[in-house]
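Please find the structures below.
Both of the next two complexes hold subunit A, though its partner changes from subunit B to subunit C.
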Partner chain A sequence: MSFIAIAILAPLAASLLILLARRMPVLLALLGITLSLVASLTLLFTVSSGGNSELLLPGLPNMPLRLIATPLTVLLSTMVAIVGSFVLVYAVGYMKSDSEKVRFFATMLLFIAAMQTLVLAGDWILLLSAWELIGLSSYLLIGFWYQKPGVKFAATRAFMVTRSADLGLYIAVFILIASTGSSEIAVTLNTTGSPAIAAGLLLLIAAMGKSAQTPLHDWLQRAMAGPTPVSALLHSATLVAAGAILLIRTAPMLTPETLLVIGIVGGVTTVVTGLIALGESDLKRMLAASTSSQYGLMLIAVGAGVPMAALLHLIAHAAIKSSLFLGAGVFQHSRESTMLEQLRGVGRERPKIFIGFALAALALAGIPPLSGFFSKDAIIAASLNSENIEILLPFALAGTLLTGGYMARALSILWRKNQDQKNNQNKPLTGLVWMGAGLTGLVTLAIILAAAFPAIKTLLNFPLVENISTEFLPEILGLVAALSGLFLGWFVPVRRLLGFLLPWANNGFALAGGFDNLMVRPAMAIAHGCEKLERIFYQGVLTIGRAGLKLGRVARRTDEQSIDGAIFSFVQGTVNLATKARTLQSGLIHKELAISTVATAMILVISLIALMVY
Partner chain B sequence: MERELALLIPEIIILFTVVFALIAEMLRLPRIALVVTIVGLLLATWQSVLLLGLDTTVFGGTFRIDMLSVWAKIILLPATLLSLLLVRAEIAGSDREGTVYVLVTLVTLASILLAGVGDSMLLVLGVLLSGLASFALVAYPRNDSATEAAMKFFVFGSVTTSVMIFGLSYWFGATGSTLLSELGQLEASPAIAVIGFIAVIIGLGYKASLVPFHFWAPDAYEGAPLSIAAYLSVVPKIGAILAFAQVVRDMPMSTGWPLIIAVVAVLTMTYGYLAALAQKNVVRLLAYSSVAQAGYFLLGVVAVGTSSLALQSLIIFSAAYAAMNLGAFAVVMRVGRTLDSFKGIGRKSHVIGVAMVIFLLSLVGIPPLAGFVGKFLLFGAAIDAGFLWLTVVAILNSVLSLAVYLRIMVPMYQAQSHCHEPDTDANTTAVAPALIKLVWVIALLFTIGIGLAAQLLLRQLG
Partner chain C sequence: MYPIVSITVFLPLLGALLVLLMRKSSPQVAHGIGIATSGATLLGALVMWSRGVNETGFAQVEQIDWMPSIGAAYRVGVDGISLPLVLLTALLFFVTFIYSAKVRKQSHSFVALMLLLLTASIGAFTALDAILFYVFFEVSLVSMYFMIAQWGHEDRQRAALMFFIYTFLGSLPLLLAILGLYLGSDPYTFDMRVWISDPPLDGLAAMLALIAMLITFAVKTPVFPFHTWLPAAHVQAPAAGSVILAGVMLKFGTYGLVRFAYQMTPDAFREAGVVILTFGVVAALYGAFAALAQTDLKRLVAYTSINHMGYIIIGVAVAALATDPAIRATALDGSVLQMVSHGLVTGALFLLVGMLQDRAHTRDMAQFGGLIKVVPVLGWSFVLAAFASLGLPGLAHFPAEFQIFLATLQVEPVAIIAILGIVITAGLYLRAIAQVFLGEVGDKWTAATMPDLNIRELLALAPLLMLIIVLGVAPGWVLDVIHKTTIALPF
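Let's turn to the complex of A and B:
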């Protein structure tokens, strides 16, 4: 049994066991994720000493399903396992008083198994299956508290938006397999010419759906209706990462045209969702908008032709954003709300959690020596060296500036106390130890991750930036943008910053009434039109049918009254005689044998004629 | 002589099993008869596995030991075993119980003979042996509907078999030999070849319930005990289809036989599913569905000789069909014969619901189940042989089949309008649930397993 299989099967088995046994969900869940983590780390160890491996499973003829352990896939798998284990530890505390632990942990582990399959998949068909599975588990987890108002809608919304974008992936995979004749990802990356452009753009659509890029960013904020560990694991570190991972893995195939489109999509997203985050009045929704914004930055890096920079930021962001969510979850439990107004000053009452939250926030803003600084610096360096520097660099700097802005705003609200809110007492929290442990682990990771970046770079053997003529320029640019963002966010009220944009940003930059007006109503109108058309057709067919029936009746009547009449009376006499003689036989067998005989004769005649003709 | 007997060990074991089981039944020890047959079937299966990889003939070309016939044994003998468990669950303790085991085993013997047939006289022998034992099985319940069905079955069998013998006499006249391997000589006289071939279609088409020789099937399945219906829809049918493949292997291409089979395949698939669409009784519905599935088998027969996939696809679809059809019949035994008795069953007992849905989806051909793999290969074989239009028709029919099977699946998950009364049907009251459950669980494992492990199976088949 290879470690690849263990990394996937351990959480899957734990999920099934939890469902079947219906007890000890916590123990089984932690056991499953630990095994998966150990397997991933072992793989990382073997891969770093040059031992790539592959596991073939039977699949379609000549297209076996394959799992591969290469530096890239194993690194991602390790990331999933590490974040997953910290989040699960945290969830033990977070879900302490929830009565449906079994369902929660089973679904979480199903998701982890699917995500491991996705990152380790070596062929498109397996990747598609895993892609669907993570979508499904995301739907189940967003809708976990389905009794609450609006939650079902949010889950369905998330599922439908990502699902419709998935169509891009299906068509892209179809094109890739059709043009290369193989389902192996590594082989299909050799595609060139127009198939590569078409497939690249379609993959981008799928990635836009999963990674919540503008204009499909809206579902991620609604997905915050789910439990906070879900937001921390799925909607910041793993599920949404699938889109970016898809583009990073297919980067060798992407043509310059596609790269430019990717860069623009990422740039627009990072600015639009950054502004949304700045104006947001709910902590979790703000973090969600920030997630979209950060993935926009990663797309900029991919667009600049340096997927390695995107990968670094993806890993750093996974640790940072999960920490932020875990911190937000503690605050949420303290005040039974995620609205920033309700959370005002909560940081003073929970100083330890706040320190963790603030460290992660500074890391995300890009303050040295935290990990976010180095990954963001890599992205800015990439856009500096890109051919499309005039498009990508402003976007990247604006994204960095906005990151500093909204994180500083959140910190200031959480820290500064309002005079008239003194009676806002904290509830005593159960399970704070578990939550604290998960949070501490992730924050530590977010801080020290930067130390592992050089090792990751050598492991992947990706050229980071081709020419380093601009030494220190990216660092300085990034730091200036981040610091000015932090300064503005801390000292200037958001009303002044956004001005007339604020109500629009709060509305998610909805154009002309948003999706309802732009998509839903036209679609419904078309559907109604089709229904009307169909009814007309139906009526037409019905009329023809009725006319036919009427004609049939007339024919039958003439038949019965004239020709049949005579024959029928004769036959009736015979039948009456026969009925007396018949005991068992239904009489139908004659007819059936006659049909057989006639049919045989017809086949015989046709075959003989055919024989003569040829 | 010794070599030939050694190669025939599985058949000989089955023959002895029949004899010993009959003796046990005469001593009024039906349970012993069952044990003897089960042991005999297992032994014969094991011996057949040892024959894998051989490609030879015995008794001067009369009987073929090749990939097709050996795999037929490996599939049909365990399928018989599962059917026997179903039979035991249905008629345990009734009068003449042991005779049923004997007759079933005899039909299996005929079916595995048919699957390796190399001589036209052996073909006649197989069809007659299988037919005579089947009539008796259908007539087992001794009530009006069963007797009528058996009667119909018998008349159909007599007529079609005699026509087949008549047609085979043409071949004998033209080639001077009863060996199928001599059929190549018919190149010179295509008219005789076609007349004989159509006679064979009639004889084997009756056993495989191809349209237009299928009329007996729905009545026989409805009149017979359900377990016998399950058995008849699997083992003799697969035997007859594989006999087809053995016959056409040596037919000269100039007679245009693939086209004739293709036409019959289209008729069978389309008529089977259309008729199934109108049924209210689940047994009749499954009967017509098994008629239609026979049409899919013919896609593989069409490609014999032109496509290397043909034999592999026939073998894999046989295994898949045996698993999913037996499983579906086992669930029907548990639940009841009418569509009404399926109402709400999926909500009441989830496991049975899920199992039935899996069997039916596999019959439709939804990946990753066994039915999909089988049909996929059959389509591949037919396309390989240049019958693209036939494949298109088959795929369209698969769409139609979804509507047929949804008629069972949809009521399963509807809310129950009234409290479900225990089924009053006489055939389901004597049922032993544990044995039936064992059967459908095994069938379920194979339905999913064959689907997932198709690659391994294909490698095994070379």
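Let's turn to the complex of A and C:
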């Protein structure tokens, strides 16, 4: 069997087995992800020696489903499998005392299988399916603790916002298939002209939903209601990544106009959500806002016409952000909270975890020689060389500055203690070994991943930046921005940094009441309007019945108070009349005949009246 | 070759007679006969499926002279449009019989009526003679009237009458249209195959016949603004009635739309295509919005039917407007598959709502909360069916809706606005799930007041849920049958 199929089917089969067997969820989960990882690595080995492959599956008439192994898809698949493995190892410890391990691991593996399908998909129908299925699995995972207050709303919100944006993907897919006659992604990338512009902008909408770009960023912070391993997974290599991956894969088709819009959306997002992260008072919500901000940077790179830079940052970010979440999860278990105030000084009590967290934070800020430095550098270089340098470069630098700022602020709170704070006795943690193992693996990746960048560049054979006229300018600019951010975040209180913006930032920069006011309320208003109309219709039908009743003078027992009664009496009357008119036995067929006679008469009379009126 | 179509059509009728002859027997015997007969009917439908359809025209045709002087005959047969519906009908009745085995009130009459309804339903989908079709069509109506009036809920009498009058008045225009088509044919015949291969009417006469047929099928489907009977009938009907009403009988409307309106007055249909399309779009959006406002779970599911049937109308209208045969086939494939998907998904949803109501004796969503903890099997089944209904890929509605929307965009891009419906249905189902199944469990619902599904209920539900997944993952085995017919349609 093809390794492409194994990469997807192994986690899927493990998920089903866990559900059916209802035992050994941990073992089956680790087995499933390991098989998937082996398959991805084998594929990586094969494609690096030039062996692309394809798997055709039956789909809709003339539109087969296909899975493809190309350098890009296989690289992403490997990333999913690696991050997935470490997160699952960590989850073994994190979920140790949870009673619903079966449901948890089954859903996590479904999630990973859906993501593997998404990255390996070679046709639009399969990609769209996987795209929606990761929406479903994240709904199930965010809502995992469905009994806790607010969780169900968070899950519903996440699904609704992304699904609304998914309409963009649906329509883009229809446009692409309609204009090329094929559902194969590679073929549709040849689209040009206005279909390409329309499809590009619609794809951007879909990507904005999944990657939580402004103004659709608010659901991601709410999604923190789920267990921490879920956040680690859906913020790094899976759900959120899908948006950026979509744009990276369709980059050859994007027109200059679309690219500019993408760059601006990314730029605005990186600044807006960066500010939100800076003002956030909850560690996990801060990390969530930071995810939007980092994906904003990736969109800047795509907008600058260098999707390769976005891809490098996506991979580096996957390792870094999952490390940060895993660290945050340990802190959360130590103090039973994710509020930064509650976590003050927790780093001193868990120094090893703190070191891992801090290394990942510095990597995200872009400090050499950690991986984030190189990927962010590629983005700044891309914006420097872009035609729209005056728009994209300030955004990219501001995003970098803000990253340093919020990471330093978090580190400072986690490390520094108040004078009067007593030495909290941390409760002993179960499963720390598993959590530590998962975290160590991901932090190591976050540190050294940059060493693999040259190999990735060769593998993908994408040009990174075409003219290298800038020498060390990007590195210097990036480092200055990152260091200033770190300095400000560590030494200056956030009230001074944000000033009057702080309350607004805490509110998620919601415009005009956000999703609730702009989407939910109008939809509900229309719905209630329809319901009112329904009542009017219902009354109308009954009124017509009553009119017919008077017209035919067939009423015997009319309940004038209740209009509903009228219709009942009408039929009763009809039946009575029929029985009287023809003294036949009452029976099925006669009843029908009688009613049909009267009904036909009624129709005739109504048509006559209608004719006279007009 | 034995006449499997006729056997499948009339086997349930024999079963009904048998039940009535054995009046004195216990309810278990009656239900046993019901399950066995519907099971045998399902087997018959499977044999029909294995015999398949032809490249053109109808397959498995069986014919006996009836009234040769007026050109009416007993003619039955299937093509790629009707065969999937026959299989769906047989399956839905089979699971409904299993689910209803608990009915103790006049169980003999119940089983006999259901079996009569089964004969009428399969008869309507296989009839190739207009008179025969009309007879089956009306018999189904009468059976459903008694079903609601006898075994319905608190306000059943009024709902049953409203249903009856509405759909009965609605079906009279079809009779006029059939007479018109008959008088237009030369030589006079009621053979539907002749009407399809050589449409008898044109010009104004065709348009009038089309309008008459559209009224009938719009009431049956139902299409806004002819839908008022549907919520009332569904809410009052017993769960078995709702499953059959939504799963099978609404399909008479869309099947008739294709078989009669689209195929017998094709030119007029094309002329009116934009109008029909508009009705479809309005129905799809209106149904979704009206469902969003509901607080009664059963009414909610009933309104989503209007939404889903709206997509079918859109698909058929788009097929009529399309000039490219490939796009036309895509639109019709999607429409017919949507009929099957809707039958499975809505059937499952009505069964689940019925099971919930059996336990709680209420359908008001505000009365529930956190039920997934109390009844996990029922809860997760509802989640699965709800996600299928909101069009999630991998589940039954997705391939159908994908094809309908794909064709719509290529033929009449403005109508793609109807796709908003998939977001609204997502919203209303997630709201319902959150309200009924998530959150904290009150003291009201415990394992004692609300036990999880029993074996009978599981047996009724499992085939539907499995097929929902199978049809979503691999729709090919049904689509191939449909496509064989749609790709060869001359117009």
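One rule holds for everything that comes next: the second predicted complex is superposed on the first by the 512 of 614 C-alpha atoms of A that agree within 3 Å, B and C clash if a C-alpha of one lies under 4 Å from a C-alpha of the other, contacts with A are read in each partner's own complex, and residues count from 1 in each chain.
Here is the rule we go by: a contact is a pair of C-beta atoms (placed from the backbone, for glycine too) under 8 Å apart; a residue touches a chain by one contact, two chains touch by 3 or more.
Just so you know, these numbers come straight off a predicted model, no measurement behind them.
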- Note on the structure: Of the two partners subunit B and subunit C, more of subunit A gets touched by chain C
- Message: Applying the document's definition of touch, where does A:164 land relative to subunit B and subunit C: first, second, both, or neither?
- Response: second
- Could you say whether A:59 touches subunit B, subunit C, both of them, or neither, answering first, second, both or neither? both
- Query: Is A:20 contacted by the first partner subunit B, the second partner subunit C, both or neither?
  - Reply: neither
- Item | On subunit A, the residue positions that both subunit B and subunit C contact, one per complex | 58-61, 592, 595-596, 599-600, 603
- Spell out the part of subunit A that touches subunit B in their complex, as residue ranges. 58-61, 64, 584-586, 589, 592-593, 595-596, 599-600, 603-604, 606-608, 610-611, 614
- Task: Can you check the complex and tell me which residues of subunit A touch subunit C?
- Result: 58-62, 125, 128-130, 132-133, 136, 139, 143, 146-147, 149, 151-153, 155-156, 159-160, 163-164, 167, 170-171, 174-175, 177-178, 523-524, 526-531, 533-534, 537-538, 540-541, 545, 564, 567-568, 571, 588, 592, 595-596, 599-600, 602-603
- Note on the structure: Note: in the complex, subunit C contacts subunit A through residues 138, 142, 157-158, 161-162, 164-166, 168-169, 172, 225, 228-229, 231-232, 286, 289-294, 326, 329-330, 333, 370, 372-373, 387, 392-394, 398-399, 402-403, 405-406, 409-410, 416, 419-420, 422-424, 426-427, 430-431, 434, 438-441, 474-476, 479-480, 483, 487
- Query: Across the complex, what residues on subunit B touch subunit A?
  - Reply: 144, 147-148, 151-152, 155-156, 159-160, 163, 190-191, 194-195, 198, 201-202, 212-213, 215, 255-256, 259-260, 263-264, 376-377, 380, 452-456, 458
